[in-house]
């Protein structure tokens, strides 16, 4: 097991290296010029050149990469072009809202989607199945910002149950924290619910055709226990896998949701950094997201053995 | 058998409709049979005979599409067809129980053995955890499973196939049901394991007086275990009666045909083949090793030091149980996998290490007929396209290739116009014939038959074996015949190679190996073959018919 | 279900409310942008200027009427030859760290500012020496008289000569400062500043306001709010939603299309705080064909009209002004001289000029930014008008930052260069030909676009040397006449954006920049 | 023993090619039928946009901006004659006709969907076949694909869009790139499982060379799953385009796409909801239809994956 984890961790290194190189090249080849952005509207060409020099942007790409990679190797993510702050600090400051949002979204999605999926699989072909599947297809059909606006209009503006926007750190009180988290998390969870409900339905449906389900029936077991005791546990691996794959979806959604709800998280940081061509920040954030993605999927692979004793590492 | 008692199971006039589109209207038509307490009733038939449908209808586990339309099923006098689902659930596992063909898939892979047996107790009794556990452990003990405590905590994948089937039986019998339905419970097992399981079932059933409805396609098993036999064909019962009667004096032509098709364990008389050497392996070995940075190298010897010689016109059988390495040898010889060591001489060039490019000319010399007739033909290509592919790869023109294919179709007993059809339009036996035709189209010198008849019904099996013998003679083929079935091997092979755990333990002329097995493992194999005495019975049938 | 949820939410709101009640008066504001950079000398971004006004103070400041008044300076003397100025600082001026403000601080600050700012740079060509006299005063000696000294030190918009402690002001002008200490009426709460979320200011208790009432950027800067939070809300709609819901107190620049929404709400008041407003501008790249030809540039001045641009971007006539004066209508230098016949969408004239100029029909590259609400609609209007005027237009859309980085490139159009771009200026930055950077026609040294005209440069020089307002106006008109010939850029009309604030706010000052002293919350 | 009776008898089933039975099953599947019909209608809408009572979707008219649906405007033609035009779906903030933009938007949105799906599948197919069959390259290719996959799709798209000039091609490339590794994975796993099939081994034994082996025996197995995946990619492409437009880095706003119209109208959600509502309805219905088609195709083409 330990050996497996070590091997997997080692295997993530080339992946992250590829990500780092890709992202670096992509950004440095872009036509944007952070120096011009920093200098502002009234800057002269000369001033811009000075800033460019100051940021090291006039060096050859290879040299820039070597410097960045060297710093990275020492755990130094570099400093933002814009905020006079180390990027590590910036990210730490932005991580709580994003984590809270992601966690709340997952919580909502999993607790809604799995029962729905199991129900749809059990009532395969019935109207319940069609409604669940219809909803999950619909969840894939509406852009997340439209869902956000609609929820804001109904629940924040018309009904006034929740604030329109903003984020309150957990340290500012749990009530306010929760109150501000509900709408964005629900917004973001819609597509996730659709994804997980689909997968749950499909894999439970497949498991229900297995011989051991027949065995359980032959023992006289009731359907509810067959579903949750025998079927769901066996269906867990593909469900958990899709949860992992969905992390990428979640990260994309976070970017949009944070923009709609003015949540000062990593997603917003990314968009701002991209729009401002703040290279070191973009690099760091994408690397971070990639690392999280790879890491979560590693955890998920490890979690397989929880659900399936046949899988041992 | 006392008739005064109500039979445990009584099926009267049962008919089950097939959903539209099938090749017949009813899966089961007017079936009547009964099982008395303490009796083993075998239902025999080939695939599609309706024997499994009958069994499942008793348990109330039929697929929703299949509906009983007439008749009655009575368990200890209680009609099951009219029972409520709740009542059926209460009876299942308690008064009637079932074991299945595949013990691996029939057990839930993510729950422990103990848990799955205890489940029956949880459903049907009010016993506390400690009592349940004690009872399960006792049951495991009586199933002659080693270390019941450890077994209790094990998962299905951690125990052997035979042990799994014992666990299934334990779960089925723990509440002493009146009726046990066994659906081909030994088909997926090796012969030696099969023998043990059959003995166990017989044992438990006679000790507990359980009525057993035993579904099988194997007359060997019938001869071994049955009190009474019910023969089914295409959903109908064609004949039933005491086992001894049916086996020795079958009345219905279908039964006669079936019994006659069972190969005898007594080797056929064969002249020794004296053709030139076609294939020789020297010190052939295949090892699987996974060397990684963090774990010690684990090396598995799938085959070791294998030396086999096959002459033109000779059939050499490799027999052994699963894991013996027989298929590994076949795949190495066919160069579908590279051997780790040793040489493969065809007959004087070593192809063991040739690159794919240099191997190509030798490819046509060696052809394979695979086990699964449903997967060995590309479902998206016509049969003709599959057959002509090889010859055309080696430069034969399209017209000539089609002509050859037509000739071969006739040779294997199929209509030449079938070339334009797709594999799904053929039965398993027909597909196996097509696969043989495809192999022959290459004009090979060596034919490897990898369990080529194992998936077929006995009647079809017999025909395919006859076909193989026929083409061998016509083309003077060297055949390497891989099988786990001693009966088949006895009938077709000139020489037999017995493998166990990757090594050859014995080889020699077929008659010699069967009459005087030198190795203990060979002896065990022969002894485990079900219905060994049945061979004599068969001889009797032959005598009668003659 | 509904009532339960509602009570849960109510409970949550009480908890949330309790923690907020501890603060005294807090103003929550959504500005037009997030504050990322905090060095108002290093960048010209307006949001950083606004930040500057929070924490820094200036030597002079412009009042509501446009006059420059002393601010940190208590009094100053001017020698009769107009070459020597002595400035004396007010009593009690202290930095946020409690240390007194010294002349040395001011000199260093002026030097850093003048290294960056175009007016400052011009000014420095007149300055001989600046030296501290004592703990309270310093003297500036000029080589020749200029009106730029006082005007420059009171320059209202970016870059504003904000005063910083000497150690901070010694920072290289091209490096961001890393200490944010000023002597202004508010203090930056550094520990609470989270770029992308909010920036927080608190009242500076030791600030000594002038005795005069506040007027524009001048007068007594009395902070009446304990705490000001600028929240980063990227979504315009959400900002207005939050204002309507009372979650915030003020939106600095509500989108014009959303103004009807706030106008209809009885809790909201609109403040037209900056009547001079802003001016839309189109800039040519003078180094690339076809706009290296003055005739082609003149053709543009005939093809365009201001109203279409203003309609498309502002929409509501209350907030825009089609005004041909280049140096901002309603200011002393406003004049329509030389504008006859221009900006009236005379497509025929435009086509004629193009024919004369021999325009080959090669598409001109128009940089179009899509992410700034106020600029997005300019591109399509320009495209449609220019096409009617005989041009072929290749409108290339991107985000604003790409436009910003692209417009500084001199490369040919097919190598990533450009022909035309549009932007907007705060009117306070273009009040005269020296300030207005787009009139700078010093070829390579000019701002992007790089116009090249000696005569224009001479006129600007004359203006800088001319202290007399009446004569200044004559020069400004001459500039406008010369502009008609060389067409450095085209002005597309003036507009202003009101502040939308909750009704319980009062005292928002009329000034070229939004400032938060004098603002009261009841 | 005589030959088995059934063997030489005429073969039971009709000689029907599998392709046709699949087609029949497809047509009978209501989900496929509905999805297909809706898509067909949308395609027609896009194709015949100029003849559906539309104006030039890029023609601006600042004086009649932000008008509600049903507003009527007098249009003066070049010859001086006037006609009245009714803005069925109102006008946007530049006075462009929303109805015309939505109808023309069908063109671009569907173009994006189709091109993203077909290109990403074509590229992914080639890479996947190589990775699945050329063992030495597998590791390298898959590590690269893992790397590409680890970058969240939206972020990658944002970066790609800013890499190129914002425009139709850039957006299409941006959406294609993150989809490729997903296609590669599917193809590779199919190749890995199919190459173990006895019929492939039989073809190897028959001396079939690699290219033919791929084309005849392996490629056909990827078609059904790829058609299904293609539909899902198409659906997500339309959505991603909308999201990119929302973030302000999508297709230039003068080119009408549904995503674009919505993104431009988003700030007017409360004041003039028609800007977001109408394109939203079209986008939703289309994506729904594509998804339905995909689900239906999967159920029909690949019964094993049914319902997933």
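Letters A, B, C and D mark the chains in the order given here, with residues in each chain numbered from 1 onward.
Keep this in mind: a residue touches a chain if its C-beta (ideal position, glycine included) is under 8 Å from a C-beta of that chain, and two chains touch if they have at least 3 such contacts.
Keep in mind that what you see is a predicted model, and the values were worked out from it rather than measured.
A.B. asks: Mind having a look at which chain is the central one, using mean CA positions?
C.D. replies: Closest chain centre to the overall C-alpha centroid: A.
A.B. asks: When A-C is set beside C-D, which has more C-beta pairs in contact?
C.D. replies: A-C
A.B. asks: So the centre of each chain is just the mean of its C-alpha atoms; given that, what is the distance between subunit A and subunit C in Å?
C.D. replies: Whole-Å distance between the two chain centres: 39.
A.B. asks: Centroid from C-alpha atoms only, then distance subunit C to subunit D, rounded to Å. What do you get?
C.D. replies: 46
A.B. asks: For subunit A and subunit B, let me know how many angstrom lie between their CA-based centres, rounded off.
C.D. replies: Taking the average C-alpha coordinate of subunit A and of subunit B, the gap between them is 50 Å.
A.B. asks: Give me the residue numbers in subunit D that touch at least two other chains, ranges are fine.
C.D. replies: Subunit D, residues with two or more chain partners: 162, 165, 248-249, 266, 269-270.
A.B. asks: Two or more other chains in contact with one residue: find those residues in subunit A.
C.D. replies: Those would be 31-32, 149, 157, 259, 271, 275, 277.
A.B. asks: Do you know which subunit C residues sit against two or more other chains?
C.D. replies: Answer for subunit C, listing residues that touch two or more other chains: 235, 237, 241, 371, 399, 402.
A.B. asks: Can you name the residues of subunit A that touch subunit D in the complex?
C.D. replies: The contact residues of subunit A facing subunit D are 14-19, 22-23, 26-27, 29-32, 124, 133, 137-138, 140-146, 149, 153, 157, 198-199, 201-203, 205, 248-249, 251-252, 255-256, 259, 270-271, 274-275, 277, 282, 285-286, 289-291, 293-294.
A.B. asks: Note which residues of subunit A are touching subunit C in the complex, please.
C.D. replies: Where subunit A meets subunit C, its residues are 31-48, 50-51, 54, 82-85, 90, 93-94, 149, 152, 156-157, 160-168, 172-176, 178-179, 259-262, 264, 268-269, 271-272, 275-277.
A.B. asks: Under the definition above, what is the set of subunit B residues touching subunit A in their complex?
C.D. replies: Contacts found on subunit B: 59, 61, 89-94, 97-98, 100, 102, 105-111, 119-120, 123-124, 155, 157, 168, 171, 292-295.
A.B. asks: Taking the touch rule as given, give the residues of subunit B at its contact with subunit D in the complex, in rising order.
C.D. replies: 23, 260-261, 334, 336, 360, 363-364, 366-368, 370-372, 375-381, 386, 389-390, 393-394, 413-415, 418, 420-422, 424-427, 429-430, 433, 435, 438-439, 442, 459-460, 462-463, 466
A.B. asks: Under the definition above, what is the set of subunit C residues touching subunit D in their complex?
C.D. replies: Against subunit D, subunit C makes touches at 235-237, 240-241, 255, 257-258, 260-261, 307-309, 311-312, 315, 368, 370-371, 373, 376-377, 379-381, 383-384, 395-399, 402.
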